[in-house]
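First comes the structure, then the notes that go with it.
Which chain is which? They are A, B, C and D, in the order written, and residues in each are numbered from 1.
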Amino acid sequence: MNPVNYLYLSALLFTIGAAGVLIRRNAIVVFMCVELMLNACNLAFVTFSRMHGNLDGQIVAFFTMVVAAAEVVVGLAIIVSVFRARHSASVDDASLMKL
Amino acid sequence: MSAPAVASSVHTLWTTAAVEPLEKIPAPHIEYTQLAPVLIVVGAAVLSVLVEAFVPRRGRYTAQVFLSVLALAAAFAAVVGLAAGGYGSTKAHIAAMGAIAVDGPALFLQGTILLASIVAVFTFAERRLDPADHGHRVDSFAAEAAAVPGSDHEKAAVRAGFTTTEVFPFALFAVAGMLVFPAANDLLTLFIALEVFSLPLYLLCALARRKRLMSQEAAVKYFLLGAFSSAFLLFGIALLYGYAGSVSYAVIADVVDGTVASVNPALAGTMGNDALLLIGFAMVLMGLLFKVGAVPFHMWTPDVYQGAPTPVTGFMAAATKVAAFGALLRLLYVVLPGLTWDWRPVMWGVAILTMLGGAIVAITQTDIKRLLAYSSIAHAGFLLAGVIAATPSGISSVLFYLGAYSFVTIGAFAVVTLVRDAGGEATHLSKWAGLGRRSPLVAAVFAVFLLAFAGIPLTSGFSGKFAVFKAAAEGGAGALVVVGVLSSAIAAFFYIRVIVLMFFSEPKADGPTVAVPSAFTTVAITAGVAVTLALGLAPQYFLDLANQASVFVR
Amino acid sequence: MFGTSTAFPLLTVTAAVPAVGAILTAAVPAARRTAAKWLALLVSLATLVLAGIVFARFEPGGERYQLTESYAWIKDFGVRYELGVDGIGVALIALTALLVPFVILAGWHDADPLETSSKRWRPTQGFFALILMVEAMVILSFEATDVFLFYILFEAMLIPMYFLIGGFGDRAHAGSDENAAAQRSYAAVKFLLYNLVGGLIMLAAVIGLYVVAGNFSLTEIAGARANGSLEIATSTERWLFLGFFFAFAVKAPLWPLHTWLPNAMGEATAPVAVLITAVVDKVGTFAMLRFCLGLFPEASKWATPAIVVLALISIVYGALVAVGQRDIKRLVAYASISHFGFIILGIFAMTSQGQSGATLYMVNHGISTAALMLVAGFLISRRGSRLIADYGGVQKVAPVLAGTFLIGGLATLSLPGIAPFVSEFLVLVGTYARYPVAGVIATTGIVLAALYTLVLYQRTMTGPVKEEVRKLPDLRPRELAVVVPLIAVLIFLGVFPKPLTDVVNPAVRHTMSDVQQKDPQPEVEAAK
Amino acid sequence: MENLIALLVGAPLLGAAVLLCGGRRLDRTGHWIGTLLAAVSFAIGLALFADMLGKGAEERALYQRLFTWIPVEGFQADIAFQLDQLSMTFVLLISGVGTLIHVYSIGYMEHDERRRRFFGYLNLFVAAMLLLVLADNYLLLYFGWEGVGLASYLLIGFWQHKPSAATAAKKAFLVNRVGDIGLSIAIMIMFTTFGTFAFGPVLEASGQASQGTLTAIGLMLLLAACGKSAQVPLQSWLGDAMEGPTPVSALIHAATMVTAGVYLIVRSADIFNAAPDAQLVVTIVGAVTLLFGAIVGCAKDDIKKALAGSTMSQIGYMILAAGLGPIGYVFAIMHLVTHGFFKAGLFLGAGSVMHGMNDEVDMRKYGGLRTYMPVTFVTFGLGYLAIIGFPGLSGFFSKDKIIEAAFAKGGAEGWILGAVTLLGAAITAYYMTRVMLMTFFGEKRWQPDADGNPPHPHESPRSMVIPMVLLAVGSVAGGAVFEFAGFVEWLEPVTGYEHGHPPIGAAAVTACTVAVMVIGVGLAYLQYGRRPVPAVAPRGSLLTRAARRDLLQDDFNHAVFVTGGTHLTRSLVYVDHSLVDGVVNGTAASVGGLSGRLRKLQNGYARSYAVSMFGGTAVLIAATLLMRAV
């Protein structure tokens, strides 16, 4: 099967993730969408890695997972603290600062 | 490309692997001495985590401050040592198996970052501004970040005199990431460094002692948008990797130039597929421009700058910009010199938008921190003008500008921390009315910083601005210079407004008081003023440094 | 390239003395206000002495630039710390050093703190320190032969001026204090922004100059252009010229870039107003003469017609608007605009008489406006109003004040026997020689000048004595000490301007050769 | 000897300086100092005169060069004096009459607390006037020219508390300034044409210059003359100038300053000789003015204004004569001098009358004064006879010569000018007789002044009487002396002279002159001698009413210049504020508005920020691809 298709898939996933970031209100969901984007990247890396026949891409993918994990830690920490303070995880509620 | 070709090629890969035993992976060879600055800071960061874990609460603050300052100083010493050892010029080379470049720009920027961070850490460590709370000296950070604002839990924490000394390890990790960022010599390192300094910053933003809701909001925004942008960056990296078959700057550069040694015919399809290259480049660029705070990727800046604890804001504004611009320079000058004619026009647009946008929107700001945020955007625009020059003088001018700018910024934000009323820092401009009458010295110092921002001669701001504009003009970007000049004219207006407010309007009865800072902040501000004037009056020495440091290794 | 290089850096010292004096004055503790005043006065007098030495050391016959100093400064920008004076510079330095002591003396009480203001606020020290700082920068800018150095001073002097205007407004203000403060800071901001914009546009041109020339040394660039080793494309030269000229035209100020001046002079205290129009603005016209003509002779000639027209508009327009003013200080401001029109006209007439006249005009206008404005200031501080309508019959109660005011006015309308006549007539003759029509139009200015001056005098000084005026005291000794010397100088220079023309003539000769212009020869060679 | 010239100017200048800077301590002695120094100047003048007479006609001129005034590349102006016969004539007139009027003022200004300053101004005037006539180049002449203007301004406005006086002073200065434009432009043209503006070179070289240039110079000089000598169209200031103290009117606005214009033209004889067109204009201006002034003089009831009108018209004669060229120059000057005597005398007389009549100036409130102030009556009467040209008195000689010359001009021009001058003579006789009759004859029409105390006419103090007497002597004898002592030969070397032959013989002209004079007197007698003079002026004919309003000149000026100017300045002020300034403020405001609108984008919603980032990236990508595509 032509590996290029995987690229299309990853692009699709990335776009879905981006769209999610743009339209969803719930911070958690937004954050998940970001994770989706990262994983789309991973898919692309792995695919390219296979196409190029070298392992760099796969290594990057591993690193990305680690980073993603780290982001989860930090991100959830922040979002949760906000949630506890405001009893809402809506991104739009967090708009004290504007203009 | 045709699928079968790949299949076959990959097939050969596998079969050959099956036949002969895999040769051993060579042990990575790390030049520890040349990475010393980074290693010291990382080590210190790890140490300070341990400090958090094992040192009793009483001792932590002292230990952390001591440790961080020591580590940063040591790292700076290491940088100086390396520079003295010629690693900035003759011995410049790629260390850590192509991951990290040790060359002039890297060392210069690392030096700048380290100095800025030391000053910033001083502002972190300031504990005299707020009145003691239940007998405990307090700094600008939340007693316990986890506690819900206004909850009993928080009150208890305050009563117990807790302080978030974690800020120091955060800062150290962030610094470590920033040190690597401009030195990163492959896209992976670039990405990792980015995350390493971003994540701690997200957290630092959330740690304000006062106005915690805003602080947390800032953190959320910064985090989500940051993550969003880094996703773009990463996808861009993926595309570039797909284009060049490697994440190493050198290789990509070769492929872009078309001077790559030997292309596996099977890969010829993706290699040199410009769509991948250009899209990937654009997305990576976006990731960096986001950190730089360039229009239209700037919108996080004002909110985050306003919400974050002021010392953190200063730290971000200074160090992050330096690191990000360093990375941007390296990307554009090392990886994509062959692409100059593609990226220059785009950058032109961004630069113009950034200069004008920052200046214009700043006019109507009413909060001093937001004002400075927009001013930092405008300055990003000026810096971009220097970047666009695409000449060695362009590099050196940007380096010089970054050095000058970071000190002014930290100083300015340090002054902001001094002006306080019952609700903590009085950041609304109306509160600053007549400050010059109340405490002429502070007002005068802040005026100096503002004039530097405005680029009035005899301040570092002017030297830097002149340097970048000169470079731009030499690089054939005269139009940019004119736009830059116009936007500085606009920008001048709101800096002036603040000065008018401070000196020419009568002080209000309920106006803020100016806290008398401890040695820490005093040192920070003094350093700011000193550098501002020094670089304004006699910039030659630093210009020389920047010139010597203006050659990238590849 | 460089003339008599002096072992002793006289020029630097001349500028450094007021600068250091400024810092010392600022450092005087809040309580010792009077000490600060005396310190400032002494420093300014010392500067005057130094300026006198410069004047004496300058040899009219000698090199173009004398007492030169040259040190490396910012190699990277091709910038050197390069000083040197020609006759024009010497004359203007003398003017500056001469006026500042009187400005300080006249402003003796202008900056005394109000009872309400806080103890740590030290306006008096600040006021005099700023004045000295301005003096230092102005003097240095007259000495700078390095474009970049000049530019830096040109811009930097805005800051102290800005604080002088905005920080120490005219206490005698129509309307409430808030209103006054608002108008004052409006004036200050307007002043700063106008000049800053001008300066920034000039910055672009300065950078452009560097790109084409590679350094900033006036002498080197001019020399290189003269001997053809530096070619600048015509269009480029014109753009650069415009960049420079715009900044100077804002500073000068030339119609239609003049509107900041009335606000600034109206809101500032009289001494500061004098500082603006008599000293700081001269930097603009001086720079036209030295940099526009010196660096871009061709472009200057190309632009001359337009500039002459603008200058004429300034002359007539300024005078007419002055006639319509209701505020004494604004009237003087518009009068100054008219006079600056004459100066610029003289510069761009490109005849020896015109340029000598313009240079003398800078000096004379400085002194005469100082005389008029300071007396007006004394008057205003007495009555507490700037409105002409609030006065009348002053000459009855304060004859000396009225008399000096009249002399100042007569100087402004350039009556023969008083200095400005000499310069104005030279400008007119010089202009007529090259552009007869312009000369004739400009001549109408002398009637208009008489009009606004005499109307002002009649409405304030003559007629039945107004009730509020009845109590006004006549000039006090301190005030006489300000006015009398100025008037003496005016009359001396009006009858015997030779000391000035001697230093100016050679400089003019050089400028004329810069722009490769010859004076038009008379039709008939008179039997001498 | 020539080193004394500077002292001529120096003495009164010193006086002015001392008196004006001296302060109150000189209030006692001030007037004596002033008078003394004026006298000194006169004495030196006499000394130099004697010396001059001792020399041959050609080497009489003296020169003294003090120092270079304005040394500039190609432009040399000296402070240098030239004393030739022409200047000498003026020197004697100015310092002589000047001194007399100083003396007169001692008495006249006795009760004015600012008398010291008055004498200071008088000295200043004398100095400036002497500088004017002694200058050896046009620029220095301009110096004096403006100097006398200043003195005149200060003296007209001497009673500054009177708004009318202040206004009159301002008006005088401004109108003169308009004239000065002419002088300065003339100098500019000279400089560009000859490269110098010293009398000698310019006048010598004037032949070589082009006709047009010379005409231009001539007309510009004429403009200057009109301003200073109150000739049409710049005459409007002279009437108002009567606001000044009477001695001022006598000295400045009758005897000396107003004749400076005539001096200027005669001094520039060579230029005018070479520019006939300019000369023609000069004669026309003269003719018009002499009628204009005369008509105005007929209608005025204010004695000083009537005399002012007469002054205007007499100077018209001089200008006309000067316009006639070599046949007229000498007589212009001659009439100038005689006029200096009798007009000064008349003014002093008027002053004396006012002095006795509580400063009443309306002749309709005089009458029958001859018995109360006999000396004034006699001196005034002699002046009167002189001015109307009564045979044998000074005015007769000078005016008759001018009329002859006018006819001698020849052609239609000659006839017209001659007729005009004759007509002028008739009118002169008419209005002067009118003045005489209304003042000294007829029944008393006195009225109490504002404070209600009736006038007690009395003879003036000796200090005032003596000058009047001396001037009367001058106005009686002056003409004859000049006629027979050879004034023509005296001036001829400077101004040149050729005898003019009127088409109808000189005798006939003289006869006509006398005839018209008699007619004029007769008419006046019929109107004012035979029937009583109404105490309030009758409405009078249209012409009369116009003449009372100075033939509507002021109404014209007001309508055109004052009103127009006011509107102009007002609109310019508006333009300056709204347009010139408005543009800038508008730009600033629009930037602010833009800022306000852009600010709205920063709406605080993280997602919209993300949108901008996303969009930005999209654009970035598109742009990059596009760059490659093109």
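Note that a contact is a pair of C-beta atoms (placed from the backbone, for glycine too) under 8 Å apart; a residue touches a chain by one contact, two chains touch by 3 or more.
Note that the structure is predicted; figures quoted are calculated from it, not measured.
Shared contact partners of chain A and chain D comprise B. More inter-chain C-beta contacts link the pair A-B than the other of A-B and B-C.
Compared with chain A, the chain whose C-alpha mean position is the greatest distance off is D.
Comparing each chain's Cα centroid with the centroid of every protein Cα atom identifies chain C as the most central.
With each centre defined as the average position of its C-alpha atoms, the distance from chain A to chain C rounds to 65 Å. Rounded to whole angstrom units, the spacing between the C-alpha centres of chain A and chain B is 23. Averaging Cα coordinates per chain places chain B and chain C 46 Å apart. Mean C-alpha position of chain B lies 81 Å from that of chain D. Multi-chain contact residues of chain B (touching two or more other chains) are listed as 220-221, 224, 228, 232, 302-303, 493.
Residue positions 18, 21, 30, 91, 94-98 of chain A each touch two or more of the other chains. Along chain D, residues 588, 599, 602, 604, 606, 610 each make contact with two or more other chains. Each chain pair that touches appears in this list: A-B, A-D, B-C, B-D, C-D. Only residues 599-600, 602-607, 610-611, 614 of chain D touch chain A when the two sit together in their complex. On the side of chain A, the complex with chain D involves touching residues 18, 21-23, 25, 30, 91-92, 94-99. Chain B meets chain A in the complex at residues 1, 3, 6, 9-10, 13, 145-146, 148-149, 188, 191-192, 195, 199, 202-203, 206, 212-214, 216-221, 223-224, 227-228, 231-232, 234-235, 237-239, 241-242, 245-247, 264, 266-267, 270, 302-303, 306-307, 370.
By the touch rule above, chain D contacts chain B in their complex via residues 588, 591-592, 594-596, 598-599, 601-602, 604, 606, 608-610, 612-613, 615-617, 619-621, 623-625, 627-628. Taken together, the chain B residues at the contact with chain D in this complex read 220-221, 224-225, 228-229, 232, 274-275, 278-279, 281-283, 285-286, 290, 296-297, 299-300, 302-303, 341-343, 345-346, 349-350, 357, 360-364, 490, 493.
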